[in-house]
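Each of the two complexes below includes chain A, the first together with chain B, the second together with chain C.
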Partner chain A sequence: MRLPPGVNAKDFSDALKQFSEAVGKDWVFTSDEDVNLYRDAYSPFWHEDEDPVPSAAVAPINVEQVQQVVRIANTFKIPIWTISTGKNLGYGGAAPRLSGCMVLDLKRMDKVLEVNEKNAYALVEPGVSYFDLYRYIQDKGLKVWIDTPDPGWGSPIGNSLDRGGGYTPFRDHFDAHCGMEVVLANGEIVRTGMGALPTAKTWQQYRYGFGPYIDGMFSQSNFGVVTKMGFWLLPQPEGYRSGTVSVAKHDDLVPLVDTLSYLMNSSIVQGTTTVGSPLLMSIARSSGMGGAALLTTPKSPSIADLEKIGQEKNLPYWNCELHFYGPSKVVDAQWEYAKEKYSVIPGVTFQDGQSLRFPLSADQIEHVPKRQFGIPNLTVFGMMGRTEGHMWFSPIIPMSGEAVFEAQRVFGQAYADMGVPPAETTFVFPSSFFPRSFVVLCGFPIAHDVEKNRKNRQIFKRLVEVAAQHGWGEYRTHTAFMDTVANVYSYNDHALLHFHETVKDAVDPNGILSPGRCGIWPKHMRKAKA
Partner chain B sequence: MRYARIFLLVALSVAFAAQAFAAPDESQLDRGHRVYQKWCYPCHGPGADKPGTASLAARGQKPAVLEDRTDLTPAAIKIFVRHGVLYMPTFRKTEISDADLDAIAAYLTRNNKK
Partner chain C sequence: MRLPPGVNAKDFSDALKQFSEAVGKDWVFTSDEDVNLYRDAYSPFWHEDEDPVPSAAVAPINVEQVQQVVRIANTFKIPIWTISTGKNLGYGGAAPRLSGCMVLDLKRMDKVLEVNEKNAYALVEPGVSYFDLYRYIQDKGLKVWIDTPDPGWGSPIGNSLDRGGGYTPFRDHFDAHCGMEVVLANGEIVRTGMGALPTAKTWQQYRYGFGPYIDGMFSQSNFGVVTKMGFWLLPQPEGYRSGTVSVAKHDDLVPLVDTLSYLMNSSIVQGTTTVGSPLLMSIARSSGMGGAALLTTPKSPSIADLEKIGQEKNLPYWNCELHFYGPSKVVDAQWEYAKEKYSVIPGVTFQDGQSLRFPLSADQIEHVPKRQFGIPNLTVFGMMGRTEGHMWFSPIIPMSGEAVFEAQRVFGQAYADMGVPPAETTFVFPSSFFPRSFVVLCGFPIAHDVEKNRKNRQIFKRLVEVAAQHGWGEYRTHTAFMDTVANVYSYNDHALLHFHETVKDAVDPNGILSPGRCGIWPKHMRKAKA
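Moving on to the complex of A and B:
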């Protein structure tokens, strides 16, 4: 049996006995067969020694058991890596950052504790998936929407703590949360915001409570184990409308995005919008250039040539689909208003999209893009071909046309400098998963091929560095790159990371909670790492 | 791990060749259907947005929808769930217990020739 780092066989054996007494022997996993289920199914380290393998896993069913597990781990100084549904695929899955850590698997804590239709909020445990919460709401006939990320089997708690995004007005999942319950490293329970009032009546309705607002410290961190979390929901809107705005010239992207930015910042456009290019996508498909066609490389056709192709084939250089949610009369008026704002761009064209009223029929649900309506699904897994997994390079850039041009040029040049064709990388055009900025998503396929994975890891790390040199940082990353990404958030000699480490040493002095998550290591491992 | 993949393929070949399973009782089938709907249907149900079905169709599997198959074996189903294949990940015992997996296997083999 693999041992946790720094723990001897006797202590580990004694600890496992105590874990079994705390949660029941069926919920402590130690056999290779069971422990292998906690490896990263999309590991970029397949067949390499660096592929993280846990020593064991423990799965409590309630917060009292979590407290016991944390206290036992503290007694024996056993590092435990917390997962919720364990389906954070592309970002590390259920596997720890460090081999030998035990996994604290919260999947069995799967209760939807409350869904309040009147005030549109939910309170859930970490093992609840988006599918579970959606089914609960549908079974009870409640007229509220969740927002779901692309894969619906993730956890609202896990996804929001990793600061994931979705598609509807509550698409910024961490921003949509309200109130947490956290087990600290010493086993103490803390409730944040109004939850600190023993008789709280607005835990899920007012975020801040009194004093410092500390919720953010439990996201992308290892300062506690979140065992409950509240989320704001969207009252089921009366209607939805979409419409597509298309422009012909390369430089039209600037006013296209400027207007999009105005409409989003004014809450007229509320859902995630992706800026696309029918022209470049057509070239990507027909030329076999793949992702290369979406970047500006030294070998790219000139802008004039591209515009000419677009004109000949009647393909817009850029477009974006806008999404409106609300009363039918209002969403129709919002689309008309958007068209009015965009009409200043010469040659702009508009196409009406779907117009829907809710609730949708079962047949409609099968034929709409589900994620746009908070309906969990797994469609995204079919979008990258029959790969053995994927991981995402995903920097945040400004929401402006100029920034998109710069990203196309900078990443195109980076690939050229590396002498690597970007054809295998899946480039998703800039998307507004979060307010006031764009995310550029670049998907790398995972393969059961050591050399291919090694090469992709090198490219990934180089892209992180190049992005940082231009002021762009990752919003989230795979465990394999957490140190790399944390290292580029280096303003004032890494002052922010030093602050995180100071907090870590204070709230988790034995360093038992998720060592290495987002580059935050406990003191004894920090020294070894240095 | 390369050997593990080879083992997987050999095991699947053997599993697909296996015959004659004990008839499961109704409650086992009900449980299998329930667990299948929760864990398998979103990827393996009918429809263009089900990536598991699309992947099997691309591989030439007919029918591509698992519920319509009559040639699956419990052993093969268990290997896929616990080992994964392509972008289908492994499923832990806190997600699908061994008893749930038995029920899924019973459900997906309910129409096999006895």
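Moving on to the complex of A and C:
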């Protein structure tokens, strides 16, 4: 049996006994068969020593058991890596940053504690999945929507703490949360916001409470174990409609995005919009060139050539689909207004999309893009093609056409400088998962091939650095790159990271909670690293 | 000269010399005449020993000077109370919680660093007022709106850190911020969110950055001195319209509020809405009874009587004004839809309000409620009547008619139990300064009368306790009541406050920053208190 770092066999054995007493022996996992389930199914370290393997796992069923587990871990100084459903493939899955950590698996804490239809909120435990919450709401016939990421097997709490995004008006999942319960490293329970009032009536209705608003400290961090969280839901809208805006010229991207930004900042367009290029996608498919290479190698067609091909084949250079949620006459007026605003672009064309009223019939649900309506699903895996896994490089860039051009040029050049074969470069298409900025999602393949993974890791690290040089930073990252990404957020000699470390040492002096998460290490491991 | 607590005359004199070297001697204030300007003009302790008087004040002009000031204060362990414009009358003004603190006055840091029209954001320093920012935008002809509280002489940074509210779609001022620069107690500068990237391009466009999102820690707290902050602005909308919904029966409040909640949670209604009662206001005026007494004393008219008076005098029992911002055809459709939804209430009536297109002419601006359009003003002081000052009791209650009834009953009973004369009790009308919940704003008069103030302070404290027993907590409070309010947020033996204290001791070990703010005291003063 693997031992946790810094823990001897006797202590670990004693601790396991105590964990068993706390949660029942069926819920402490130590066999290779069980423990391997917590490894990263898409690990960029497949077949390498760095592939993180936990020492054991423990799965409490309620907050009292979580308190006991944390207290035992604190006594024996056993590092524990907390997961909720642990399905976050592409960003590290259930595996710890550090081999030998015990996994604190919260999937058995799967109670939907409340869904309030009138004030449109939910209170859940960490093991509740998007599927669970959706089914609960459907079974009770409540007229509220959740927002779901791709895919829907994740946990609203886990995804929100990772600051993930979705597709409907409440798509910024951390921003949509309201109120937390947290078990600290000392085993104490803290409730944030109005939850700090013993008989709180607005825990899920007012975020801040009184005094410092600390919820954000527990996102992308290792300062506590979140055991309950509230979420704001969208009252089921009367209707929905979508519309696609297409433009023919390369430079039309600038007014296309400026208008999108205006419409989003004005709350007229509300869902996630991706700016794509039917023209470039088509050429990439037929030429076998990947996106970045298509735009930046010496063999790239000129802009004039591309525009000509677009004209001949009737393919828009750029397009984007807009989503409107609300009463039918309101969404119709919003789409009309969007078309008016976009009409400043010469040659712009519009295509009406779906127009729906809710609730959808079972048959309709089968034929709509489910994520657009907060319906959890796993179809994204069907779209991935035949890779053995993937991970995401996901920098944030400004919401402007100029920034998209610059990102395409910069990442294209970076691929070229590293000698990446043109076919293996990815497009840089921006999505508005968050208000006011774009996320660029670049998928990286994972293979059961040590050499390929090694090379991809180098490329990944280089892209992080190149992005940072241009003022773009990742909004989250795979556990394998957490130090790399944290390292580029370095203003004033890493003052922000040092602040996090100061807080870490104060609230978790033994450093037992998720060491290394997002680049934050406990004191003794920082020293070891340095 | 008054000395800061725990500092001897020699050290204070040395420190003042160093402060003068840091910021120039003209910007260190020690005379009674100067220092008295930092006292609370609306102090509930007028003419009493507890009225907090600072020892001195220092006004740096840039972040480097702030760093020096903080470092000097840290060396000499001088407690400093940070203010921006210090105009927050009703919640303590410029005065420290603790007599003898030095005031760190940031009003000279008054630069608008950037206003970006395309992405609709601003970056400002703490001394910038709402008036300053508004004028800057008008002078440059930029088509973006700020949101302003009543009144407009405050600081966007100060108000946002106090978690104040306004009237337009970006009325939750803390929620509308994006990115901070903070000077820590050790003098180090931290930039949060994407500002931690040295060449950040999205500091004001993406909130979270990578790792823990710590901005909330610096609101209603004393963990750092915020020296820059970004804010999201509203692109100037094409139009606006309002409409008033009126209902005749007492119990109609329930569907009135439920529908409001649905419309707000659906982003159809976007500004702050207050639910009022023309009927009750009229009776209160003519009977000389204050609001709470009118509803809850044995002499109160019955509901049936009230409804009858309302019918006879054609006065709505309840009403609310809805605000819609956006393209003219969209806001028209939204108001139509709102009327449809409200039509389920028998006898409901509607009155069209103003319908406007922007920009407004200078003449129009003089005749509209400015705050509704983000135009700073001071008219609220004209509305206050002839008091010598005021302070606010401002609990959060659920957004439901039932909760409003309960709050009216509970606070009315509390007034009666304390023997408050009926004429001096206030109404409990709820406002949606924040999404999903109501704030109840009850003004308390301040007088230059020791006995009256003493009595009012007792009533205030009792109301805080009564509110807490019913699960309602204040969203902010006057410095004089910070310990009282912090004390009721007591879940799990004050675990949240103890967490704040742990953080405080770690990030400000000498306890120099704003001791006592929101109930958080440095270690040595906690011990003295206990």
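Please note the rule applied: the second predicted complex is superposed on the first by the 516 of 530 C-alpha atoms of A that agree within 3 Å, B and C clash if a C-alpha of one lies under 4 Å from a C-alpha of the other, contacts with A are read in each partner's own complex, and residues count from 1 in each chain.
Note that in this section a residue touches a chain if its C-beta (ideal position, glycine included) is under 8 Å from a C-beta of that chain, and two chains touch if they have at least 3 such contacts.
Because the structure is a prediction, the values reported are computed rather than measured.
In the superposed model, A:A94 makes contact with chain B only, not with chain C. Residue contacts after overlaying the shared chain place A:H390 against chain B, while chain C stays out of touching range. Counting residues of chain A touched by each partner, chain B versus chain C, the larger count belongs to C.
Judged by the touch definition given at the top, the superposed model places A:W153 against chain B, while chain C stays out of reach. Once the two complexes are laid over each other on the shared chain, residue contacts for A:N36 go to chain B alone; chain C is not touched. Once chain A of one complex is fitted onto chain A of the other, the partner contacts of A:M525 are absent, as it touches neither chain B nor chain C. Look at A:F223: by the touch rule set out above, it reaches chain C but stays clear of chain B.
Contacts of A:Y262 after superposition: chain C is touched, whereas chain B is not reached. The part of chain C that touches chain A in the complex is made up of residues 118-121, 163, 169, 174-175, 178, 184, 188-192, 194-202, 204-221, 223, 232, 234-235, 237-238, 258, 261-262, 265-268, 270, 326-327, 329-330, 332-334, 336-337, 396-400, 403, 434-437, 468-477, 485-486, 488-492, 495-500, 502-503, 505-507, 518-520. Taken in their complex, chain B has these residues touching chain A: 1-2, 5, 38, 42-43, 47, 49-52, 54-55, 58-59, 82, 84, 86-87, 89-95.
Every residue of chain A that touches chain B in the complex is listed here, in rising order: 27, 29, 33-34, 36-39, 41-42, 46-47, 57, 59, 85-87, 89, 93-94, 105, 107-108, 127, 131, 152-153, 366, 370, 376-382, 384, 386-390, 448.
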